[in-house]
Structure formats: C-alpha cells, structure tokens
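What follows is a pair of complexes built around subunit A, which joins subunit B in one and subunit C in the other.
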Partner chain A sequence: MNIKKIMHVENLTHFYGNQIGCKGINFDLYKGEILGIVGESGSGKSTLLKCLSGEISPSAGKINISLDQGGVKDFLSLPEQEKRQLMRSMWGIVHQNPRDGLNLRISAGGNIAERLLNVSEKNYSFLRNTGKYWMKKTEMDPDRIDEFPLSFSGGMQQRLQISKILSSNPQIVFMDEPTGGLDVSVQAKILDTIKSIVRDINVTMIIVTHDLAVVRFLTDKLLVMKDGIVVETGLTDRVLDDPQHSYTQLLTSSILQV
Partner chain B sequence: MKIIELKNVNKKFILHNQKGIVLNVLKNINLEIKTGECIALVGKSGIGKSTFLKMLYGNYLPSSGEINIYNNNKINIANSLEHQIINLRKYFIGYVSQFLRVLPRVPTIEIVSDTLKQQSLFDEHSLIKIKKLLSELNIQESMWNLSPLTFSGGEQQRVNLAKTLIGNYSILLLDEPTASLDDMNKSIVIDMIKSKLKKNVTIIVIVHDNKIRNEICTREINLEKYIPNDN
Partner chain C sequence: MKTGFNFAYLDEATKRMIRRKILKAVCIPGYQCPFGGREMPLAYGWGTGGIQVTASIIGKEDILKVIDQGADDTTNAVSIKNFFKRVCNIMTTDKTAEASLIQTRHRIPETTLNKDQIIVYQVPQPEPLRKLEPKEKETRKLHAYKEYALMHVKLYEEISQFGSVIKTWAYPVETNNRYITDPTPIPKFDNPKMNNMEALQLFGAGREKRIYAIPPYTKVKSLDFEDHPFEIQTWDECCSICGSTKSYLDEIIINNEGKKNFICSDTDFCKSNLEKNK
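For the complex of A and B:
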C-alpha cells in the first residue's frame, strides 16, 4: 500500500502584528484522508486553514503540495496567478456562511456550473445534468435548479455550496465550521450527507470545527490546537479516547465545553 | 507464524487535570501470538484487559514499547502513520468493543453492509449473506431497517458482532462478546467464533466464563504478571 502524500506542512507560522495566529505547525496529509482541526475559538484553527488554502500568506513556513499533475510544488512561492488558478480549480473551500461561497446573482445550477467551467467543462447539457446530479446527491430538489440561492433556506444554501465545490472533484476540500451557523437538527442531516459523500468518493479534506462530535463522526486524524500551536495529533479515536496532553484531556472530559 | 508481537510494552495513564495522578496499568509485556491461536485474556476486573485490546487496535497508545502486526510486512501500530492504521483496521484487524458505537440514524443492515463495502467485498450475493447472519444471530427482520441505537443490550451486542463477523479479517479482538447474551445466543456466537478459527483467523478474546474459554481458547494470557509492582 502506497498512498500519495499530497500536502507537507513545515513550521507554518502566522502573526497578526505581534499577535500569534498559529505557530510552528507541522503535518502531512495523504490522499483520501480527512483531517480535523479542533480547538476553542481563538486557538488559531481558521488562521491555519486560511494559510493552507492560500487565503492568507503566512509569515513563515513551508507548504509542499503534490497534486495529480505536476509533481511536488512549493505552494507559498508559486506566482500569485498560479496560486489563484489552483484555488479556483483544484482546491475547494466550503465556507461557514454559504453566502460567502455562493454567487447570489445566479441560479443554483449556475453556481455549480460556474465552478465546473473553471475546470474547463463547457457542454451545456453536461453542466445541467451534473448540477442536478449533485443537487440530488446533497439531498436537494433538482427541480429547483433554476432558483436563486436566496430562495433557499440556510441549510439548503449550505447543501448548494457543498454541491458546487464537490461537483468539480477538487483534490483538497477545506471546510470551516461547515454546519456552524445552522440549527442542530439541520446540522445533523448535513453531516450525514457529507459523510455519505466522503464514503462514496475518495475526497481529501481538512475540516475545522470546535465540535468533537463532528470530528468523531467525520475525520480520520486530528490536530488539537491551543493558543496558536498544535498540542496533540494522531488518529481521531486515539486522540479522543486516550488523550495524552492535558489540554486534550480537558477538551474530551466534559469539564470544558467548547 | 507470528502475527502479533509485543515488545517491552508499558501502559500508564497520566491524569493531568486530576493532580497529575499516574495510573500504572501494564508493565513489561513481551509476548508473541501465532496465526490461528485463540487467546483468552484473563485477570480481575480493572486489571487492563480492555486496555490491552485497545492498544492492539491502535485506539490506546502504549506509553512505551512496540506492538508489531505482521501481515505482508511488519507494522508497529504504536508508531505508524494514521492511514496505515486505518488500512489495517479496514482489511486485517476487526474489533468488537464492549458496547456498540455507531452513527445515529444508520439502519442495522447498512451498518453490517458497510464492513463489506469497506473491504471492497460487497457484491450481489452480499445482502443474502448479511440477512442470513442477522437471522442466525436472532435479529428479527423487522429490525433490519432500524438504527440499533434503541435496541436492547443483547441485541446491540449481536449487531456489534454481526458488523465485525461479516468481514474477512485475519485478526479478531473481542471484548466480552457474550457478556449480555442468553444461553441460546451465547452458543450461537461460540459456534461462529469456532468457524472463524477453522478459517485460521487469530482471535484474542476477553471472556469470563471458564466453560467457554475451555471450549474455544488454545491459550490463556494472564495479565496478573504484567501488573507493575509499584501498584
């Protein structure tokens, strides 16, 4: 068994002025892995995710990526143009607020097609069928393909955003609290949907959440963050059931409700 | 042929948020298990039998030492990449925990199917096989499409067993698999374990009933001798 390493992160560090965002982060991500980043709010989870997905340029460190085409690349020293192209086509970012990830001025189908056009798929009926297929897969009504995002509920908007991202078969999906803004009952259903999709297709994903139930449910391995640094990492069930670091022990006992 | 090897394995728990209390549980474990053995783990309650199984599954981390699993190559489960352990769990080592732990809302039949899907063994004959196994374990047909989370203790345990026994694993770790079963279901499960042994599966089982131990096990490992003397 030889699984490809698609991301190698070394000493990744980001400061906001004097303030630590995240510091000295090291990890490897292999194809098909789902990595969870957990910690309290303010612990640096989203900063780390933004550095990884190219939304912000870290103060220091290294990110090597190795995608399906093109061998190993030093992500942080790619020309801005190439970085943006990567993010548009090979990365998929699912934002906490679906409105940040959707184009509100075009239809549901248009949103999915827009993304597919970036990976150079131009056939109209193909785009439409793919749109409907993904709406079905995320348990939306495909007959609503021509409606605009704002006519959908928050939960449905999130499903649409997930359709939009996954339809283009990205090589790494980034999710930041994907169910954060939703009602608990809606959250559970969306997690079910995400879970069944990741079981079906071999996606590689990095997911930020403060919710340990989400982590247990979805992820293979974990980074536990506190005050900008990673205090513990490992197989998800190992970290949750036999936590080694005092902070992880606090997090997994009911003492600290994050 | 050896399939599992423990070298200088120690396990302690440090409870950082309870004044740093250290629980020394197991010490200096050196042993080998051969393919096809059926090992009974024995020792009084709280001695560390479940802890031992969980370390073999990579669910608990040994404080020091190596736990080597031999499939085609040697994998030290105490020090491997996550995806290597996940892969081992998918194809090689099955674990039946003391209590069923499954996702909410997933129907029983899907929980059992999922094992075969993960092993890429799911085909057109699988559903028949799954239904047969569930029936043999006395899980009524009317329950197959329900989540087992509302089932009785004994029913949950049998679903837990079905989920793992349907798979094609080389090693099975069973934590009190018959504890909450009545005599009839006990003997059904024992027969299933025996048929796994006929297929040369290696089994490590925690079981309190002497009679069952004598019936299926080829060797006992008493954890008494691994109690640290400072306890």
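For the complex of A and C:
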C-alpha cells in the first residue's frame, strides 16, 4: 500500500534569543497517521507545534507539505494569505483552552458555521444540518445548537471545539493538550470520541501532550522531547514498552499507579 | 458669499488631497481609503465626512440638495445647505431631479438618480466588520484576504435566533464581487437602489477619516444565504399624504392616544407625487 506523505520536517530549529526553543527536529507525517509529541514542560513541544502550525516562523529548517490539491509546497515560504487560508480550512488547531478556539459571543451552531463559511458554504440549511451532524458525532445534544459556548461545561466546550475543527473535513489537525484541565472521567470520554472519529474519517493528527495515557490511547508514532531536542522516536507502543533513552525511561516510570 | 473663507471652506491643498483619495476610492470600489480628515465647523456625527467630500468636489455651477432621513427640511439638512450657500454662494434645491450633487444622511432619494448626479453619503462607521472584530489591523487583513466568514456568521445567528435576518439598516453589501461595504445607516429598503446606480456614490467618514466609493454601474449585492434570500421592508399601509405604496414609509405617532400615521420619508418625492395625483 502506498501511503501519502503529507508533511516532511527537516532540521527544524527555533531560538528565542539565545535560548533554544527546539533544535534539529526531523520527522515525516503520513496520511491518516496520529503523531504524539511528549515531553515535560519547557521541553519545546509547544514551540514545535507553533512552528508547524505557522504561528511562529522558525529560525531554521524546512517544512514541506503536500496538499490534496497543488502538490508539494514549502510551507515556510507560503504567503501569509495562504497560511491563513490553510489554518481556516484544510488545517485546524484544537487549543487546550476551548475559549481560545471558540468565539464566545456566537452560538454553538454559529461557531461551526464560521468554519464552514470559510470554505464558502452560503446555504443556511446546510450549515444548520452540518452543525447538528457534528454535534451528534461528538456526542453533544444537537438540540443545544443555539446555545452559547459559555452555557456548556468545560468538556462540552472542548467537544464543540473539536466539532468546529472537524466540520470542514481538515487534512491535518493539531491538538495542543486537548484534555488538559478536564477531570479524568471527562478526559476518558473525550478521548473515546476523538478515537472513534479519527478512525472514521481518516484524519491526520499531531497531538502535543504531557499525558502518556493520551498518547498510548491515541497515537501511532511518538516523538519524545527534552530540552528542545527529540531524544527518542518510534512507534508509540515500542517507545512506551521498551524505552531506550534514559529520559523516556524516567518518563514512563513516573506514571502514578493507583 | 461670506468673505474670509476659501471657496467651499476647505483650502485648495486639502481639497486636492481629498480628490486624490476619491479617485483612488473610485478605482477600488468599496475599499476604504484613509484620508487626512480636517476639523470642520460642526461636531463629529453630524456629517463632517460628507461635508468634506462635498466641499472637495463642489463647483460654482453645482446645484446642491441635502437630505436627512429623506427630508429636506430637517435640522442637519438645512444647516448643511446653509453652510454651503454661505461658503460657496451656490444654488440649492429640494428637487432630486434638479440637483447635481446630493448629500444624504440615512436615505437614498426615491427618484432614480441619473449619470449626471453624484450622491455623497455621511458615514458614521465605515467598517462593516467593526462590531465583529474590534482590531483595525485585523479587519484590514480580513478585507485584504477576502475572509468574510464572520459577516455571514452574524446573518446565520440572526436567522437561527429570530427566523430571519433582522438587520434592517446598514445592511452589509458586497461591492463589485470584492469588498464588503457598509452602505451607511440607510434602510435595507434602499440597498437595491445602489446596484448598478447611474450616479457616482461617494462615502465620507469624518471621525474615522475614511473615504470609499461605488462607481456608476457597479454591481452591489446585499449579503444573504441561498435559502434565505435578501428581502426589503414592506408595509400594509400607504402614505397618508400622497398615497404612495412604493416609497419608504415613516411611522409617526400623531396624538396622545397613540394613533399612528405612515408618511413618505422622502419629502420631495411625497410632494411631487401629491401634485401628480391632483
């Protein structure tokens, strides 16, 4: 089977002044793959995600992306307009805090509609039905489509944010600690939802987290970061069951056993 | 004409600067051009933008008509007309058909404008996205990249809450298939008149210091959804003075019992319609 490579990252490096953000990152991302990036606070995983999603321009390195239409492109040299267009339709970020990704002044349905309107759907019933469809899909009550995000619980807000991003049928979804700040039972339910959907629609994802349970449950491949560099990489199960680097060993052994 | 003023109050260099901006605005229909707005002898919100545009393009042969809410005899209209009489010594008129230059607040005259006329709108808020996105830096990008999803989200929200779009004035339009433009606080009843209008339409915002324009024969489309098309206001009543059923009607309470009457908001149209029907 020939699986399409949709992102190629080479020697990606970012410095904050003299401080290393991340250094010498290399990896390939294939269609339908879920890549996990783990590491402790300050290890550079968020910097990496920001570089990949175009939020900051890295100091050095290369990111080649391959789009459904248009072939291979050098992401870093894309004009701002194209980067914004990508983030608004073909790509998407799920933020740790749903309030960063949602517009709190518009209803749940309006939030999903905004995403769809970016790809130019000017049909009200279509927006409505798609909104309800995605709310159902993320196990929300579609009858609450006209309610405002602030009337939802934290877990529901996160589900709404995921609905919003997935509704435009994106190619790559970036998730930054998608279950951070939620209690464990809600976390488990959201992870279940994400897992069932990603298998369903074959979306490619990059998940940044410090939670090994999340990566074990969701991801296929893993990058372990420490002090801005990748110390270990491989299939998730291999890395977690047979960690080679001393830091990964420390990480896997620090999981609290209840 | 009062002495001590330059013709049309503004100095020649300022007028030239504003004319240059008007030319730019005409070249990019619907695009908001920043200009060096001057202090005018009236308060912001009373038409300082419109007056500066009018003052820059008015000539000695021009016949000026000024309306406020459709009426020629309201405070704002009368004051602005007197102002230009004083500083230009030009002719003014109440008749839409006779005017070569029309400055307006809140209405487009009912009489169809022709290619020899220019209509100048007073604009309180030139940025249609302002209430949706407070940052000027961001709204400029949204215009530049044609990212107009927010505007439709607003219409979506109104339909989902109220069953239809409830915005009845300053209803956003798309100019020449490109820029989303604020048509100023005219009722949406007047929006269709902007489409393919023969007259040049100029917009001046004094406080915000922006000029934009819609050249003659330009496509102006009111935003809507495929399955919720744009509609204008209608009335069951007719004008109680002239009996018109085609014009925009104002609802007026006429006694202490709350009895209501509907009359044309365009006073010139109402008068000529009345004479015609006599």
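Basically, the second predicted complex is superposed on the first by the 253 of 258 C-alpha atoms of A that agree within 3 Å, B and C clash if a C-alpha of one lies under 4 Å from a C-alpha of the other, contacts with A are read in each partner's own complex, and residues count from 1 in each chain.
Keep this in mind: a residue touches a chain if its C-beta (ideal position, glycine included) is under 8 Å from a C-beta of that chain, and two chains touch if they have at least 3 such contacts.
Just so it is clear, the model here is predicted, and its values are computed rather than measured.
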Please tell me, clash or fit, for subunit B and subunit C sharing subunit A in the overlay.
-> fit
Between subunit B (first) and subunit C (second), which does A:Gly109 come into contact with in this model arrangement: first, second, both, or neither?
-> second
So, A:Glu40: does it touch subunit B (first), subunit C (second), both, or neither?
-> neither
Which partner does A:Tyr30 contact after superposing on A: first (subunit B), second (subunit C), both, neither?
-> first
Tell me which partner A:Glu139 touches in the superposition: subunit B (first), subunit C (second), both or neither.
-> neither
Scan A:Glu10 for contacts with subunit B and subunit C and give back first, second, both or neither.
-> neither
Which of subunit B and subunit C A:Glu147 touches, first, second, both or neither | neither
Looking at the overlay, what does A:Gln85 touch: subunit B (first), subunit C (second), both, or neither?
-> second
After lining up the shared chain so the two structures overlap, which partner does A:Asn118 touch, if you call subunit B first and subunit C second: first, second, both or neither?
-> second
For A:Glu55, decide between first (touching subunit B), second (touching subunit C), both and neither.
-> neither
In the superposed model, how near does subunit B get to subunit C, counting Cα atoms only, in Å?
-> 37
Residues of subunit A that lie at the interface with subunit B and also at the interface with subunit C | none
In their complex, what parts of subunit C are in touch with subunit A?
-> 141, 144-145, 147, 149-150, 152-153, 156-157, 159-161, 224-228
Mind pulling up the subunit B residues that touch subunit A in the complex?
-> 13-17, 54, 58-61, 81-87, 103-105, 114, 117
Within the complex, which stretch of subunit A touches subunit C?
-> 80-81, 84-85, 88, 103, 106-107, 109-110, 113-115, 117-118, 122-125, 127-128, 145-146
Spell out the part of subunit A that touches subunit B in their complex, as residue ranges.
-> 1, 3, 28, 30, 32-33, 188, 192, 195, 199, 217, 220-221, 234-235, 237-238, 241-242, 244-246, 249-250, 253, 255
